[in-house]
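What follows are several structures.
Below, chain A partners chain B and then partners chain C, in two separate complexes.
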Partner chain A sequence: MKVSVIIDGQMVQIEQGAPIIDAAKKAGIFIPTLCYHEALKPYGSCCLCIVEVIQDGQRRLVTSCNFPAAVGMEIFTNTARVRQSRRMIVELLLVRCPDVPLLQTMAKQMGTGLSRFKTREANECILCGLCVRFCEEVVGVGAIGLANRGVDREVATPFKMASDVCIGCGSCTYICPTGCIKMVSDRKTPNLRSLKMGNCSLVPCPNSYQCETCQIEQEFFKDIKRVIAEFRSKGQ
Partner chain B sequence: MDIEKVDRILEEHEYRHSAIIGIMQDVQDIENYLPEETLRYISDKLELNLTKIFDVATFYKAFSLVPRGRHTIKVCCGTACHLAGAARNLDQVERTLHIKAEETTDDRMFSIETVNCLGACALAPVVVVDEDYYDAVKPGKIEKILSYYRSESER
Partner chain C sequence: MQKIRTISDLEDIRESILQDKDSEKTIIRLCLSTGCRAQKSLKVNEALENEIKKYGLQNKIEIKKTGCHGFCEMGPIMVIEPANIFYCNVKPKYAGDIISETVLNGNVINRLLWKDPLTKELTKTEKDFPVYRKQRKNVFYNSGKIDPTDIDDYIAAGGYSALGKALATMTPPEIVKTVVDSGLRGRGGGGFPTGIKWRICSAAPGDIKYIIANGDEGDPGAFMDRSLMEGDPHAIIEGMIIAAFAIGANQGFIYIRKEYPIAIDHLSIAIKQAEECGLLGNDILGTGFNFTIKIDRGAGAFVCGEETALMISIEGRSGIPRSRPPYPAFEGLWGKPTVINNVETFANIPKIILKGADWYSSIGTSTSKGTKIFSLVGKVRNTGLIEVEMGTTLREIIFDIGGGVRKGKRFKAVQTGGPSGGCIPISRIDMPIDYDSLKDAGAIMGSGGMIVMDETSCMVDVARYFINFLLFESCGKCIPCREGLKQMHHILTNICEGLGEKGDIERLEELAHFMMATSLCGLGGTAPNPVLSTIRYFRDEYDAHIYDKKCSAGVCKNLFEYVIDAELCNGCTICKLKCPEKAISGEKKKPHSINPLLCIKCGICFNLCKREAIRVK
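Our next item is the complex of A and B:
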């Protein structure tokens, strides 16, 4: 069912329950985000996409990437309150990751910078969870996940050991908004596809891409065929 | 850990993904910690990603991925206990067992934990061994309490 919402004075029709950010896109309004990606389920961890919503006479801040649109909703994406909250969020992210260019430019655009808070330990990960979700939802592997909690929360492989399921696709390095996961070829351990956060050691093909005669590739295909066969037999 | 035991736990929870915390609690009740191979086995059986299980296992402080002692000594370091001298008690426990807080003795008999309030402030300073509460503990009492558990496990 379609519902109409008012976003910054524009009337927009979107599916009921679709996130508000879709309406903003339709209306051509830019909302800054760090953890939102069209290919993935909304997660709402960076909170940069907050907007002000008036619903049933209540005025409040919500994350637009995962807040469902409903009838009679009025949305403001650029009020003073929204701007101030975003500024604060960027400032706090910048305290965590002072060396990330993306955050620096964002902070500059919003008129803030490195200031009152002390940097505890420079880090480049903002815990947006994009790499984790991409690995699980799109690649379908789930080699990395989030671990621990609070200030110790981090992206890690199970038991913090070299992953035995990582296929070395490099999606995590591609999708990372701050560039904290890097592809590094490790000459000491050839033929080993291992993943270390912050130092992702993945090796170029040892058989100069001769896939037809490659042992690794053949075994991979065998595995795939077996999985497909199993899946089909289950379905019947 | 025995695979049969794990299977029984999984069956009790009907192989539900949502029961992962309950499953891990049951495993920890038996083993006192979460062995890596058991978690891998659970991940296999539930068809739940190991990263998710690791996430939950590291999120909650109640779960431990390293072996724990048979008896857990919880020294309360909350406000009331702190004022009543919990730090001295903790020192004494650490000195007696030759380990630091959050560690386990080599014979895997005792683990020391610090907690930040057990809701028993009237009994401050409180030390809890397994399920037994000891109130108004003084450093001099520690040896006596620990020797009780030592002799109990010899019996």
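Our next item is the complex of A and C:
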């Protein structure tokens, strides 16, 4: 069912229950995000996408990436309260990761060059969880996860040991908005790709991706070929 | 144990239990909940059993191992029936006297009675207690009276008759309507009307629905859920069965943290007994209704008390809240409609069903109905659990029931609602306690913790303590809560260390309002409360810390000095002898002085001085 919502004065029709950010896209309104990606389920951790919503007479701030649109909803994406909150988020992130170019650019766009908070941490990861979710939802591997709680939260492999399930696809490197996951080649073992996240290396394929000569690969394909052959013979 | 197949069976069993009761028997109700166990009530039990064996009175005296009586300050506590003699601070060595004097000869032992510290009067029975006089025990009625590990005791006390009434005479919509009309609001903190929650969930589409009882109590200084689970587990189970029948659920969960082993134990026993009796399982009381309860043990994360995180934890993933909507009543545990209520909320249900919505809504204020259990702790004389009617004033709770502040110090503030609550000052002490007035005062009802503070508590330090607690208990998912708390903690630590600057208070306020508006879940949304409420009522203390670099309470070590008042000091030399740093000098019977360069501000001399000659400057 389609519902119409008013976003910054424009009437937009979208599916009921679809997130507000879809309506903004339809209306051509840009909403800054950090943890949102079209290919992934909404997560709502960066809160940068907040918008002000009036629903049932209540006016409040919600995250547009996962708040479902409903009939009669009025949305404002650029009020003073929204701008102020976004600025505060970027400021807080700048404390955590002062050297990340993306955050510096964002801060400049929002009109705060420097953070008013004095502490400086030497972090690069903003814990948006994109890499973790991409690895699990799109790649289907789940080699990394978010470990610990609160201030100690971090992205890591299980028990911070070299992962035996990582396929070295590099998706996490690609999707990371701050570029804190780097792809490095290990020079000691040629052809071996490994991902380096902080201090833990993910060692992927035990046979260094020598697929043509790999025993595991050949047996796997033998099985697949047999299944396909059986399937075809049944069909005829 | 006899299987209860129909509702008339239940009444027959109740009668037979009451008939079997030996009215000649003396019953000693001894508290064996966590608080009294910490004060060796298990040893008291052992000593009493030995004495009874010695006199050969096994058939004449019964020791009933009950849950919490509420007056935890003076544990271990026992009540001797039929005269209801109330003994407190019972030590194992008194067991012989108790049996030989009180039980056999009927003499009251004066040294075991409670003595009012102000009037020096002795209190003989439970009813005469000032602590109990202003209370209204409704939910907590059975705790301290029945043996929680014995279903017969609960049935004899009228238990499960509400379930019988609900299943026999009411339809699910009628039950929901009764709960809505009663005005019961969630006791876990949010205060959402329970009946409305049930109505939404019962109307939600889906065949499979779940009931969850939230027993994940994590507030520092709060233990009412634990005591309820330990002292009256069947009331929670009965409430859950009624709720399940009302919304059409067949599976229930009770989420308890692993730190509550006795609560887990008692609830497991209670569930097993209810299953054996046929009150849980298939075809309950012959009505064709099936319901089972499982206990899920949490690892003690504070954030798992948040409903979405709790459900994710039950599902077996790490407990991290998700954004709402969808609300649990539509999409909860494993995506199915779920009713999640606090254990205290469920314990209210049997009474509402039995006595009706009108009776319940006649108790309390216009917006908050019924009674509420509070854990009264901190610098108050009578520490313990109390249950009062909604609308009772803070003054009545702290001064009449709690006996006022200890050691003649002055009352400063009371912190309600756990770490996410706020501090209420003396100026608002005549405020009636209910959900809305607390919110209006900048605090929350929370699960019902009340920490009383006197003049030796620094309010900036209190705010820093709670923010520090939340900093490590926040899940760390959303930026406002994780990074906001980190900055708040940093600013508050600076102020406490004497590094506060102009603009810090404004920065704290801006951060607080930002966090409240944008945080993902209730934890982040209420986390700034301790900061905002202390700024609101104790701004002068913040100013003194930042501008004058003074902490008048004597807590922030960089911001005060201990000095000896030469007029009051009589030169008893106690402070000089006990000072670990040898910072105090002076001759006998002459005023002493403290060398500020050597003093480490440990406070030993301050606490030792009987003439109160040592002051905070």
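The rule is short, and it goes like this: the second predicted complex is superposed on the first by the 188 of 236 C-alpha atoms of A that agree within 3 Å, B and C clash if a C-alpha of one lies under 4 Å from a C-alpha of the other, contacts with A are read in each partner's own complex, and residues count from 1 in each chain.
The working rule: contacts are C-beta pairs under 8 Å (C-beta built on N, C-alpha and C of every residue); 3 or more make two chains touch, one makes a residue touch a chain.
It should be emphasised that the depicted structure is a prediction, and the values quoted were computed from it without experimental measurement.
J.: Applying the touch criterion given at the start, work out whether A:142 contacts chain B, chain C, both or neither, answering first, second, both or neither.
T.: After superposition on chain A, A:142 lies in contact with chain B alone.
J.: Let me test your reading of the model: by the given contact rule, A:178 touches which partner, first (chain B), second (chain C), both or neither?
T.: Neither chain B nor chain C is touched by A:178.
J.: Name the chain, either chain B or chain C, that contacts more residues of chain A.
T.: C
J.: Determine, under the contact definition given at the top, whether A:117 touches first (chain B), second (chain C), both, or neither.
T.: The answer is second: A:117 touches chain C but not chain B.
J.: Contact-wise, after the overlay, does A:158 reach chain B, chain C, both or neither (first, second, both, neither)?
T.: So A:158 only meets chain B here.
J.: After lining up the shared chain so the two structures overlap, which partner does A:33 touch, if you call chain B first and chain C second: first, second, both or neither?
T.: A:33: touches no partner chain.
J.: Would you sort A:77 into first (chain B), second (chain C), both or neither based on which partner it touches?
T.: After superposition on chain A, A:77 lies in contact with neither partner.
J.: Based on the superposed arrangement, let me know which partner A:132 touches: chain B (first), chain C (second), both, or neither?
T.: first
J.: Based on the superposed arrangement, let me know which partner A:64 touches: chain B (first), chain C (second), both, or neither?
T.: The answer is neither, since A:64 touches no partner chain.
J.: Counting contacts the way the document defines them, which residues of chain A are shared by the two interfaces, the one with chain B and the one with chain C?
T.: After superposing on chain A, chain A residues 146, 148-149 contact both chain B and chain C.
J.: Can you list the residues on chain A that touch chain B in the complex?
T.: Result: residues 132, 136, 142-149, 156-159 of chain A touch chain B.
J.: Can you list the chain A residues touching chain C in their complex?
T.: Listed in rising order, the residues of chain A that touch chain C are 44-48, 50, 60-61, 63, 66-68, 81, 84-85, 88-89, 92-93, 95-96, 116-119, 126-127, 129, 146, 148-153.
J.: Write out the stretch or stretches of chain C touching chain A in their complex.
T.: 301, 303, 318, 322-323, 325-326, 471-480, 482-484, 486-487, 490, 507, 510-511, 514, 517-520
J.: Where on chain B does chain A make contact in their complex?
T.: Where chain B meets chain A, its residues are 36, 39, 49-55, 58-59, 65.
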